[in-house]
Amino acid sequence: MALDKYGIAKRIAQELQDGFYVNLGIGIPTLVANYIPEGISVMFQSENGMLGMGPYPHESAIDADLINAGKETVTVLPGGVFFDSAESFGMIRAGKVDLTVLGAMEVAENGDIANWKIPGKMVKGMGGAMDLVASAKNIIVAMQHTNPKGESKLLPKCSLPLTGVGCVKKIVSDLGVFDVKNGAFYLLERAPGVTVEEIQAKTAGKLIVEGDIPEMHL
Amino acid sequence: MKKVYRNASEAIFDIQDDATLMLGGFGLCGIPENCISALIEKGVKNLTCISNNAGVDDFGIGLMLKTRQVKKMISSYVGENAEFERQLLSGELEVDLIPQGTLATRIAMAGMGIPAFFTPAGYGTEIAEGKEIRAFNDKMYLMELALHADFSLVKAWKGDTLGNLVFRKTTRNFSVPMAKAGNITIVEVEELVEPGQLDPDDIHVPGIYVHRIFKGIDYEKRIERKTVSL
Amino acid sequence: MKKVYRNASEAIFDIQDDATLMLGGFGLCGIPENCISALIEKGVKNLTCISNNAGVDDFGIGLMLKTRQVKKMISSYVGENAEFERQLLSGELEVDLIPQGTLATRIAMAGMGIPAFFTPAGYGTEIAEGKEIRAFNDKMYLMELALHADFSLVKAWKGDTLGNLVFRKTTRNFSVPMAKAGNITIVEVEELVEPGQLDPDDIHVPGIYVHRIFKGIDYEKRIERKTVSL
Amino acid sequence: MALDKYGIAKRIAQELQDGFYVNLGIGIPTLVANYIPEGISVMFQSENGMLGMGPYPHESAIDADLINAGKETVTVLPGGVFFDSAESFGMIRAGKVDLTVLGAMEVAENGDIANWKIPGKMVKGMGGAMDLVASAKNIIVAMQHTNPKGESKLLPKCSLPLTGVGCVKKIVSDLGVFDVKNGAFYLLERAPGVTVEEIQAKTAGKLIVEGDIPEMHL
């Protein structure tokens, strides 16, 4: 059975390592914070100017001066720190953030990503996505494998305007986990009950299936 | 040093039609509420507003959109408000979308006297069109220019009469680089104190960047997305 | 997150011959005394040291010159010590002199992921030789590159176990940009505290830039020019 | 009679205006701080990272963590602020410092300045001088009119390696006050008792003397 958004987040959380500084995009990526593996400690960076982002506040602790990049009220954990937007993107560009998780409309087999603009629709802007994808050492895309029309979002080439080129290293979709390298999607794990054949059918880009593909453990 | 003004109207006295303004804040967090009100009251038109976002329908820059004072927005993410979308689609409003880090850094560079720099953001995308591309250490970068404005309008938490500023939590955002970048920087603060009352080790923006300062009133601090843990 | 080391020797364990180091401080103010002692004890050689100054004969980097551990200095102002001058004139020591603002900014740019930028400093002088020259708004600028190092050695006043740093008075100097620029940043502090003990609004260097931290001992804090009012 | 170094500093202090941010170089420029005209308030910037620099400390208040760009122990005044070297030169480059006063070995009639290097002698470095002269809105040079050999330091062209080009706006020497513009030194004031003829004789660069030149008031 394909994963729901919580399952995707849970699987991505397995990629976290102790001491990682992590930037989570809006949507599914945000959920990753709920599934940090036991025994490891990570720090979340919010690009509006915070390290050590904590959970949403209790009603009594809401503070209009403390929001995340999704403009949601949040908290700061002990050891957290605030800084300005220039400093925030400075640390992102300098590669100090170990892992960036974000959503995508399309990913190409060469690692290109499109997630900010659909021609003909009102464009709200790229926010920090172009900076993040151009700078992050390690980018995992969290997304549905197909769009609402059932078309593959893992493509030979992006059809939408690009956010960044050759930058996506890994994808966790509702159907599986994929390395993006050598101009192809390498299937690493299947979602529970999902067959290689289904994944193959729903992947328009070049898919590499080497040996026996295990089911993921959640 | 006479930097202290009585209120927003007096502090923005010389902002005229067609001015280019930087407005601090991220979303509705840390926006210069008093200055925005005063701009609306003054009725200056054809403004170019550099601000990461464009407010919501009934708060922040959204209020200035309603009164049709804004000709152009320079932002990274907009459209949280219906009026914005309407004006954009009807062609009344121009929008220049810039990656958030590039926007923040172009502003910061203006405050550092650096006219141009290289960033990887947007390489290979439509953002790179017409820009100089160059490789450094086998990675590709775009040349971007410092971004200047006639006035920077910024809200800080505390400030002293010399213009030294302290911000609270995530309100630093674009406000700090904008405060340093303005040809004329106008700052509203929740608390205006005397020199010596702020610890010289804890000041986020030295007063040398700040031209005018006043104590703001009636802060609403609207929350855009209230999210809570149960 | 395991950033805390017991002392300087353990924190610099992997610094080898021929390494490029950034050493924080201005003159003798805010220099990493413990790290310098540990480098001397370890005896690593052929070091390239990026530091605004080169210490005095019997303190700071001057001590490493005495033990002939330094192959090259990258600085803006040197020669406050006789041994330095002797080694320079005899050809044992190389020196690369860089305008102070260019040096500070090249280091800061490394910490911001900006590979190159334009500055007016040195235009029309021998510093500009071989560099790309470009006009922006009718003013002439040189292109300068970010300056990186294998290790940054920095002394802060307080730090927490996550690497968040606070500096005291004019000790921030080159130490803050260097702390952000190091491939591996090693910090010694006078006071090492637990997360949460530093106010998140008052931190000068966020821990994300800091790889190792230890509590230093026996700070002498030598004064280079003691000047007093009567 | 030619001015001594205190006289030069005193005359330069008359150029200060209320609200000015001022960077004073090492040597004579440092003395300017002792002669701030009454009724005005200025802030001194020290490029190692301070605004609001005060006088030298009393013996009991000496603090090794608080020095100026000349590496001397100093104090900070109420309203002062500390910052790092990158920020310090950022504000200098951005033209936020209203006035820079520094010494020179040579100034040319086109505003070029040389003050950091003498070929054949041990070179200690330019420190912040190149940044300051390339960026300051307004630069006043404080210097002796002639070198120890009696040769003019106001030249048609600098003979020493340059620190900056076309940047000096004004000179206060022991003999007079000069605007540097249009490729010439414009004599504005004479030191008390110094004649135009003496100044003319000791100025190798193009000197413009328009009308009656007043003596300076100190």
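A, B, C and D are the chain letters, set down in written order, and residue numbers restart from 1 in every chain.
In the analysis below, a contact is a pair of C-beta atoms (placed from the backbone, for glycine too) under 8 Å apart; a residue touches a chain by one contact, two chains touch by 3 or more.
All figures in this text were calculated on a predicted structure; none of them were measured in a lab.
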Pair of chains joined by more contacts [C-beta pairs], A-B or A-C: A-B
Chain centre separation (subunit A, subunit D; CA means) in Å: 56
Rounded Å distance, subunit B centre to subunit D centre (Cα mean): 36
Whole-Å gap separating subunit A and subunit B, where each centre is the average of the chain's CA atoms: 29
Contacts with 2+ other chains: residues of subunit A: 76, 82-83, 86, 90, 92-93, 135
Per-residue multi-chain contacts in subunit C, two or more chains: 105, 112-114, 119-120, 167-169, 200-201
All chain pairs that touch each other: A-B, A-C, B-C, B-D, C-D
Sites on subunit C touched by subunit B in the complex: 105, 109, 112-120, 134, 136-137, 139, 141, 145, 166-169, 200-202
Residues of subunit D that touch subunit C when the two form their complex: 46-50, 55-59, 62-74, 76, 82-86, 88-90, 92-93, 112, 122-132, 134-135, 161-166
In the complex, subunit B residues that touch subunit A: 26-30, 52, 75-79, 85, 88-89, 97, 99-102, 104-105, 107-108, 119-127, 157, 167-177, 204, 221-230
Subunit D - residues contacting subunit B, complex: 18-19, 21, 41, 43, 45, 51-52, 76-83, 86-87, 90-97, 135
Subunit B residues touching subunit D - in the complex, by the definition given at the top: 1-2, 110-114, 160-162, 164, 180, 194-196, 198, 200-201, 203, 206-209
